[in-house]
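Shared chain: chain A. Partners: chain B in the first complex, chain C in the second.
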Partner chain A sequence: MRSAAADLARPGAAWAVPGLVFFCLFALVPMVGVVYLSLTSWDGLSDPQFTGLQNWSRFLGDGQMWQDTVVTAVLLVGNIVVQAPISILLGVWSAGKQRNRAVLSAIFFLPLLFSTAATAVMWRQLLDPNFGIPAKLSGLIGDTNLLGSQSGAVACLVLVTSWQFIPFHTLLYQGAARTVPETLYQAAAIDGAGRVRQFFAITLPQLRNTIVTSTIFMVVGGLTAFDIVLLLTDGGPGTDTSILPFAMYQTGFQTYDYGYASVIASFLLLLATGASFVMVKLSGYDKMTSTLEGM
Partner chain B sequence: MKNITASRKRACITLAVSAALVVTAAGCGSSSSTAKSSTGSASLWMLQDPTNSVSQSAVDAYNTTGPGKVSMNVIATDGYKDKLRTAMGSSAMPGIFFNWGGGSLSDYVKAGKLVTLDSDLISHFLPSALQAGTVDGKLVGVPSRGTQPVFLFYNKKVFTDAGVTPPKTWTDLVNLVPVFKAKGITPFAVAGTATDSWTELMWIEYLVDRLAGPDLFSKIAAGDWNLWSDPAILKTAQMVKQLVDSGAFGSNFASVSYGAGGTSTLLDKGKAAMVLMGSWEYATQQAADATFAKSGLGYVPFPSVEGGKGNPADVVGNPTNYLSVTTSAPSQTAEAFLKTTYSDSYVAGLVAKGEVPVTTNAKAALAKAPDPTYAMFQYNLVANAPSFTQSWDQALGLTLGTPLLTVIQKLFNGQDTPEQFVSGVLAIKH
Partner chain C sequence: MRSRPNYLAGIAAFAWLLIIGTPLYALVNSSLESQSQYSDRGPLSLPSGITFHNFATVVDSGFLGYLWNTILVAAATVAIVLLLAVPISYAVVRGRSWLTRGVFRLFLLGLAIPAQAVIIPLFLIINRLGFYDTLWGVILPTAAFSLPVSVLVISGGMREISVSLYEAMALDGARPARILWDLVVPLSRSSIASASVFAALQAWNGFLFPLIMTQSNSNKLVTLGLYNFVSSYGADIPALLAAVLMSAIPILLVYLFARRALVAGLMGAGGK
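== the complex of A and B ==
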């Protein structure tokens, strides 16, 4: 005989079946497939030929892959450094009660509604050296050759990605900032804390869990996002902005070297899993402690 | 119920038998190739473009007489190659399909997916346009569209204002650079973003052809990759570097895109004097600024290069697009349908759409072209060309073409020296 309370506490394992089936079908099976393909040579036409670790040893000695990994990391860090502060500030601001808040927030959120393809095509036109923004600001930008240098192209990628995704993260922070109890601010005001002090002593610590969530989104999203690179710079100039997901696409779907592309995919899989695992551990996110504990 | 089980059983037996046949006969993946009657229905895959209506009338006309039927599927440009590749690896491959010839076909020829076509077809087309339809000495593609040679376009007004004429030789070309630079005009528009580096490739293709003749690249395309170490390749890279360093392409070309809003607008607005481009540039200009296309746009063949071994009448570009037949198509139907590609009505239809067909009977039809002078210029360019080298990225296929474009881009950007360019290209095929 089991008590009703025990039944309530733990739902049966059967409830996990639909989720598990989907996970196996659309995540595990392809992952195993990719690992298998990484051990073969396959052009997509004939049958895959088993070649053992040949692709992997080529990968380890491939200077371009090392560069791609570095560029991936630079873009990732650049995006976090630019997006996190701006979206925290915007989010906290838009959680307030100002009169123009609703209208301005709506305008800030607009880029979120555009598809990446539309965003990239639009920005390519805007970044045209002869007819776009650089031509009008040639005093500031110099030779207007923004997409023609590695630093310029990376900066453009960070700019456009930030423009597109800051609204999303702002939305996260806005929601989180609204849950911070008003009483905390009232108490701080009585103790004589100004707005800046209140932000650092109350708002930021209260947003801790959201910061972790938003950063994980940025890291995992950054590791898999290649559409903006494909459409804005196509990996150029040369291979200067080729990131791992882009290299995977190009190797697989442009040069039909599915074996080697699978190596890159497997490496990305390891990288993304590892990165989110480390972040969750480091931040103590897995313990799920509430920021409202003791109140 | 019983019927279903019986038919299932039959299907299983058929499958088993045909599988056994395949294994013993060819070891190839498609079972449809073994048991095909010579007439029947063939699927035709076409790339989506303005000439689809011409193809559709050809199909409709064909289907009233036969033998067999052809059904046309129009497939959007983006992803056409991916879709084709996937289908060719499966049992759902098309019977007849549109393609770019050259390297885009060689994988399929090697995999035994394509049928060698009747050599009687040859006499109906310009010889230089058939080169890219021939792989390993086998005719596997017949021309189905107009030709798209590459040549120099120029802005007539900019030239008149500067009091100069379009270049006939490489020396002329080099001497024009300072003239336009002094006036603040970019001598040559080129699109140097990674997506558009094929516009840079055109310069390399022409220079190699003018310096060494067409044989060098055709041997490379046929598999002798070490020939990239030929002195003519290094010389080409050095000439490109000199041109870049002299400011012939301006300073910001690495951020410039191809087409309207990019190179085409630069030429139209007189911000650039010339652009090396395929014949489709005319249509791009016409869509953006019809008056300019009609009266302001000039065109000349690529100049000769002094001391070069190549014939100055050679052209490079896209000879044409092709139709190829797979082993899954009923052979008689496919063969009979291919004959429609040089019928008078099909040729006239293409001409009306602004295309310049590469059939031997096209010359008469060109008088009815939207711009007969321009059409005749292209037709004569191709008809008089001893050799028409297919764009290298098409000829090599994507596997080799994609990394080649990257190396070329690095040369133009100054990221690689001419020597590094040569070693970079050699390293593509290890």
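== the complex of A and C ==
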């Protein structure tokens, strides 16, 4: 059914223009800008000097950058491996209507009230080798300086990030788990499927979209996790936990080598858009455009 | 149905309670201790001799001003995001032009742009616009980077509105603006609320933009205030922890008085 009245009642593209211009100015233009700056040498004061691919070839031969990339990847994977299963289980559990679950869920939410900066400052003190929790457990764990080795510091970063963000992902799964039709479970129960079987045969497949969304959040969050590194480990010990965004910040805003910092930034951009492109394609998320549309 | 209690899950939930609760207990307990008590007994001691001295130290350092700045930034960010994301989503869901289809894909891709990656040119742009070291220098980029999620969430909500409602209004001769105001906004209220909660938390949590875009003490946000507090009061751990606790108080109040709205809002941020 198409009539003149129906067409007049539809918003034109002009409705999207203000937001589009705004987003272009503050997100897309800088995206092009950073790629351009990566081809220059620039100290932030004089004009950028075009140097071609010089920064990029330096980047490819920079051993520290390789290490930073590996640490970024390890943190990213570590965070997903720890957070995803716990959030899914907690989310499904808290989707139940029992009273005790509601009370506990209200407590489980609390870490979300803290900013990443606050969380990192708090944990830095709690993990302090002399005055923190490890000092009280020295009989149990031996070396109390958990942030003193690379593997320890990486583990702490995963722990603290998980502590802060699992509540958010749990909420996503809780919301999604509540929309799974109860009749699916009833049918499965009649067929004799137990709790575990129901989880794998019904709940997990039904949570598919949420798993994608939640993982995209984790990936983008992981690639920007700079505040937590700055405040918890300051990239240390040495440069052992200097992840890419942290290295970008130091190169640009502390040593004023904006050209080289732009290379690191462009590389981050490449990783993030690449990862989310793959996930969106795999999940068919972009086809969502027209479920109710088009009549 | 489903009556048998799940003991295994209960035990796991209790373990998780310890993981969540222990640091929080240490935080509250230590912020109420004197410095000497803390260094003697550590963060997990039983409470004794409560003092509010640490909170006084934090307030004296100008912390309330930082909190107020953060509240301003969060409010302005939400206002801008809604002003832009609602019309975009409306055009995406109901528009017929080729442009609006591209817009949705663009924001979907925009979801993946890390703010980190574009901070250097962004810094230049904010400088050129004359917003360096103003709260606008933080608000504008924060709003821009909250747009993709907001558009996805709000357009998701708008898609649930039945087509026959649109048609009924169109037959009555209603124009797009009236349809948006009378039909679309009321019926996608919950997704609009979700986007607001999400944008507010982005602003609340923001660290990079305030760090790069502001400088003077009068424009400091609470996350950055904490960062500076570490360098100036680093040895006074109870005061530091009191600052951490105070930084969460405004949002704790929201949680206490509007928990349902906050939780439902965040849940919706994942889309359907």
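The criterion applied here is as follows: the second predicted complex is superposed on the first by the 272 of 295 C-alpha atoms of A that agree within 3 Å, B and C clash if a C-alpha of one lies under 4 Å from a C-alpha of the other, contacts with A are read in each partner's own complex, and residues count from 1 in each chain.
The rule is simple: contacts are C-beta pairs under 8 Å (C-beta built on N, C-alpha and C of every residue); 3 or more make two chains touch, one makes a residue touch a chain.
None of these values were measured; they are calculated from a predicted model.
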According to the stated criteria, A:Asp257 is in contact with first (chain B), second (chain C), both, or neither; which is it?
first
On the A-aligned overlay, A:Gln125 touches which partner chain: chain B = first, chain C = second, or both, or neither?
both
Figure out whether A:Thr224 sits in contact with chain B (first) or chain C (second), or with both, or with neither.
second
Of the two partners chain B and chain C, which one touches more residues belonging to chain A?
C
Tell me which partner A:Gly192 touches in the superposition: chain B (first), chain C (second), both or neither.
neither
Partner chain(s) touched by A:Thr233 [first = chain B, second = chain C, both, neither]:
first
Counting only touches as set out at the top, which of chain B and chain C does A:Asp43 meet: first, second, both, neither?
first
Is A:Gly63 touching anything from chain B or chain C once the two structures are fitted on A? First, second, both or neither.
neither
Contacts for A:Val29 in the overlay, against chain B (first) and chain C (second): which applies, first, second, both or neither?
second
If you stack the two complexes on chain A, which partner ends up touching A:Thr144: first (chain B), second (chain C), both, or neither?
first
Need the overlap of the two footprints on chain A, from chain B and from chain C, as residue ranges.
124-125, 128, 131, 253
Of all residues in chain A, which touch chain B in the complex?
43-47, 124-125, 127-131, 134, 143-149, 233-240, 250, 253-257
Considering the complex alone, what residue numbers of chain C touch chain A?
1-2, 6, 9, 12-13, 16-17, 19-24, 26-27, 30, 38-39, 42-44, 80, 84-85, 87-88, 90-97, 99-101, 103-122, 124-125, 140-141, 143-145, 147-148, 151, 156, 159-163, 166-167, 169-171, 173-176, 179-180, 201, 204-205, 207-208, 212, 222-224, 226-227, 229-230, 237, 240-241, 243-244, 247-248, 251-252, 255, 259, 263, 266-272
Interface with chain C, chain A side, in the complex: residues 1, 5-16, 18-20, 22-23, 25-31, 33-34, 37, 86, 89-90, 93, 101, 104, 106-118, 121-126, 128, 131-133, 135-136, 163, 167-168, 171-172, 174-176, 179, 185-186, 189, 195, 209-210, 213-214, 216, 219-220, 223-224, 226-227, 230-231, 245, 248-249, 252-253, 258, 261-262, 265-266, 268-269, 272-273, 275-277, 280, 285-286, 288-289, 291-293, 295
Which chain B residues qualify as touching chain A in the complex?
29, 82, 85-86, 88-89, 107-108, 111, 113, 192-195, 197, 251-257, 261-262, 265-266, 271, 398-400, 402-403, 406, 409-410, 413, 415-416
